[in-house]
């Protein structure tokens, strides 16, 4: 502790005396030997600081970074960015800092942080990572924001100003002033104007000025705006009634808008949950809905799809971005062929005894689970989310849509559409429908019913596998994956009406949306229970689900 | 098929399998392993089974104990809680094991407890848990809340200046108790009730959209916010994935978890999670010679270069070695003798320092806070100055603040009331 | 060693006896006799013989046997509705667990101030969650008769309401099965909630005594086993009486041709509801006996997978025959116990394969095997196969229409 | 009506509460008509299965219903037996019983028996048990639990067995019977229930000529004591038993009269041009 304090004092001295040369010599006593000649040059301090960075404790680093920012400014962005990303290493012997990234072959490729010049492959033992923690990361982020404010792209500038809204210190305001003076786009200027208004409201004592500041802030969705208004209203010392009323109105308007976006958000969450349910259920809608097999191994088909994704990613580590594109057909094939095997091996022998298929497929699901445990270990497997699927699409500060959910929603709809087309337009689909409606007649017409059965089951299983690919992006890839979806899947299919694909679609989405709209009021568990109870009651009303199979010969 | 033959065949098959299990040399010391190898908990517990097997191997290479070889008896309670009780009874009465290493979930421990007390067995429980328990027949080598939760909150409060708290957990006893303790602790530290958000989710919860959005909103109120997560195993992966997707970074809202270790991380792509925290008594990343050796041995034992180690493994390791030491000290495997010999036994931690078994059957261990790295490991960013002694009874719960556990004479009691000076609770 | 011989003799006897079944009446009495006899012998061997004796039966075996018999009763309950009435319930675990919770609450209250916190009124889990007073639904559960009543009333009522709703609206086949599954799933989620006041995930455990008898004493365990055997025998006889009465025949008629029965003037939903309630009560009794013997009840018992497993026991034993359900439950559970000990890493393979093989090769389960044996015997002896035949021979599959629709 | 008025209504001393009034079971046929069907309409998804149909059947009559597929024969039976709800119209059993207010089981207990198109018997039961379950009497679950056959009931079953010619098969499982035997068993089950009105859907489908002849005899012998309505495609069979024939077309009555009258009816000829006639 004492030691730390001492270092702290030294650093303080360092900061105050900068750029006095004497400080450099203080440092250089403990710094790397390579720093000696450099200390004479203008950039000498920087070299010293960089060298210090490699040895500093996490606490010291922050100070060093501040000095680096002051000394280097824009030039330091690369360094900071590399450090923020955790890519900053230094050579154990030379002490040279470099950004290190792995190439697809797994080799560590170094590059100079300032020039970007390639430094070749680095062996694992020769380089060491520059330590970084949360505190430093937020420090770095702020520093980068400050640099970006001056020199960044439009989006970076916007982000930087937004970050500053949280911390309207005089120093930051001066920075904003400089930025504004340099002339900015409308959006950035608007944000800077907002920041000024917030400061005005906070610091000014002139009622009119403050009122017009509130007018500027009105309707803004940025969290700091809302927080400031809320704080103002909570503050007992704020006695100006006009201000209070204006702030109150402004806050109400903001909250009104937020309520709308909250609703949109919940709707999206519901649709997204619905798409997951749809994906999970859609394969079952074939195996169970069309073929009448109570397929308890359906969940395991999903699981196989997810594991296929994992294997595909292991096989193509250099092309994670494309792995999902490969995984979708691969999962379809893997799960589909396992499905065909199950149909040929077991279900075929249970023709016309659907309840018994429940028991046999239950056994199969146990076997598949244990097989996966034996082959892959019982642990969850890491499946990487490709870059294009991560991140959010921010519509405004309170409403954003995550890309992976969005893609999965679209994917679910696409799979559904494709399946519908397959069943309606292809000869396989025709055969499937023929067999499911009247097996004997179809047989008499020359349809190879056995073949069709195997293909149908394979199709349903394959689609379950495809669902597994999508689910691997959201949840555990482990032996229990299937079990967590099997019950929901059955609920969706039964709710929609067995044998009706459209019912599955509507069922999945309505269950998802209901669940998500209940959740804020009741909590996740109770929402789930309520949905189940409603489902039970619904089936009393419509014993054949949402879209029952019609016809005179219903008995 | 001839029915009689078939049934007789079944009976015979069943009989022989029992025989083969029973025909075993009596001159071994039997070590029962009671970890789920199937069902929902297999994901965590299988590792511990392997750890015990590795320890047994190692001990046998060293010549066993008291001149006898150790023999592991592995059963699968299949994540089925009543089955835990049944298997315990089987281990103790049929297999006559001398010690059991087992359980993970609280409910499995609670299920086993009456049986192990009735039959006077000995069990080592290696997982962090909610506390509020001390049995004569159980040694708790995992962390109790004061060895994990409270230091973690201290760290967030002092080092990260967190002012607003989200206590998110799976709805079961461990999170409930831990959060109760934390709430009391935070309130004692002057945190406003408004600044604490408590949220419970069901087991295996997979749709975290709304909750993560709520956390974001809660964290957008202008004060530094952190999430204290007692979310259980399986639900963590979708939780972290959702955090990453909604762009909640560790710099904005750090999440500190008590149930997420290296093993759980091995199932997640950790790059978007860098900087989130976990509190444990051990991290694989801790630099020490003993740890390095242990990791190498583990990789060799499992034949998997990528296998990771974690805190419950260390707890198993310490427990096993302490037991071995105690057996040698007592020169018998008799439960009562070993139980008494255990108290005060010391054994070096893998993370440096020496763990000590206290009178309340809990360990004194160091506490570490680690940050998640992009390679699925943790980087230690904070550690306690010395050892923290595990509390069987929390000081922050009204029902248990007067209770202590002390298994030495003259108290010899797991729930001794210091006010009433009597054994047997009477907490209210 | 001792259990080996014992188990072998037990199953040997059972199997032999079953193989000799000629008419269901005789065979059933035989089953009851064996059941009671074996239990009595085991009990005596446990209590009277010294532990060193080769014939000694360990308390472990006693408890295990008790558990098996509870499962057998549960399986029988499922068989009554499924085998005889074609109602495939994938949620019978719910009634079992509710009965168990009723008993568990009584046992919990019996702990009194012997809990770890020494609180005379509140169970431990309420103390550490800072509950101040006992919730209303825990009142009165310290009285055995009341707890008993509740443990029957609640599942009975639930079955009645559910059955009344479902059967009146003519929910059948797969829809019904999935609804029962939803029912138990919803209950599981509800009981997992700590706010419900049933101990959440940990459930109720650490019981001390029952009616003043120490639950850990050998004598109590033996008594519980005997009570279980007796009640199993009783429910078996009662169920047999029901299925052989005209009511039973109407029920089978409903299973095979419900519209026909309806057009003959039978209000089929009424029959189904009462049968369902009866079956739920049997399941609840099984649950009540199960809890003191295994020492814990928790929401896991509501898990839909558990209920599916029960159906599998029935299928293995042979549905539509009461003894088949009992034998199925005993066999599968015995196999599970053995497999989990002998091959802990691979037992699911064995169990899964068993299910597949039984369903594919033995559609009527083991009982079907026996019947087949019997029929061939009879045919070779040139007898006229016109005797009363058990309901298991029914070829019709009521669900077919719906599922194939 | 407000609450007090309702309460007053409930407490009126000059009336008994509706649920205490004993259900009147006996059908009133004082006008010789046992079945009144008036203005009945049923539609499925826009398809009009019955379209303002009127039908009157006299007590003790043997009536044949003919018509092409989709003419509404089975739907009519469904409505009469309570299986299908109608959109409009009325159906009375005698003068006093509104069939539309009862469900299948109640209608069956009132004395209307129905035989399905496809023979439906309890295949897992013996022929004897099938008949036993069909006997007239209390059909409640509780009484079934303790029910035992009285001597009278045994006699009744024996008589039915003779009538349908299955005396020797009495202990056979119904599932093991031939198709024709199943048809008879089903008719026998109706007889055992002693109904006033029998609705019989295609009784001779799948029967040999000889069997059909015996069936015709059976049905004609039933008329008088029972009222019988037969739906049949087999015109030969209809001719052999029919006294009055009703022709249905597109959910409404096209013609009614004796076989000859109907066959010479220009409407019928137009609709069934070239068919059977």
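In order of appearance the chains are A, B, C and D, and numbering begins at 1 in each one.
The working rule: a residue touches a chain if its C-beta (ideal position, glycine included) is under 8 Å from a C-beta of that chain, and two chains touch if they have at least 3 such contacts.
All values reported here derive from a predicted model rather than from experimental measurement.
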{"item": "Chains most often in contact, by C-beta pairs", "value": "B-C"}
{"item": "Distance-maximising chain from chain B - centres being C-alpha averages", "value": "D"}
{"item": "Centre-of-Cα separation between chain D and chain A, whole angstrom", "value": "66"}
{"item": "Rounded Å distance between chain A and chain C, as computed from the means of their C-alpha atoms", "value": "46"}
{"item": "Chain centre separation in whole Å, for chain C relative to chain B (CA means)", "value": "34"}
{"item": "Whole-Å gap between the CA centroids of chain B and chain D", "value": "72"}
{"item": "Per-residue multi-chain contacts in chain A, two or more chains", "value": "369-370, 483, 525, 528"}
{"item": "Residue numbers of chain C (touch at least two other chains)", "value": "189, 192-193, 259, 345, 348"}
{"item": "In chain D, residues with contacts to at least two other chains", "value": "none"}
{"item": "Partner chain C, residues of chain A touching it in the complex", "value": "288, 292, 294, 296, 346, 349-350, 352-360, 362-367, 369-371, 374, 436, 439, 483, 487, 490-491, 494, 498-499, 525-526, 528-529, 532-533, 535-537, 539-541, 543-545, 549, 554-555"}
{"item": "Touching residues (chain side chain B, partner chain C) in the complex", "value": "1-4, 6-8, 10-12, 14-15, 17-22, 37-38, 74-78, 80-83, 85-87, 89-90, 93-94, 105-107, 110-111, 113-115, 118, 132-133, 171-173, 176-177, 180, 200, 202-203, 397-400, 403, 414-415, 417, 424-428"}
{"item": "Interface residues, chain C side, partner chain D - complex", "value": "242, 245-247, 249-250, 252-253, 255-257, 259-268, 270-271, 274, 386-389, 391, 393-396"}
{"item": "Interfacial residue positions of chain C with respect to chain B in the complex", "value": "1, 3-5, 7-8, 11-12, 15-16, 18-19, 58-60, 63-64, 67, 113-119, 125, 127-130, 189, 192-194, 200-203, 205-207, 216, 294-296, 298, 300, 331, 334-335, 337-338, 340-342, 344-345, 347-348, 369-370, 373"}
{"item": "Chain A-facing residues of chain C, complex", "value": "88, 162, 165-166, 168-172, 174-175, 177-179, 181-183, 185-186, 189-190, 192-193, 259, 304-305, 308, 311-312, 315, 345-346, 348-349, 351-356, 358-360, 363, 397, 399-405"}
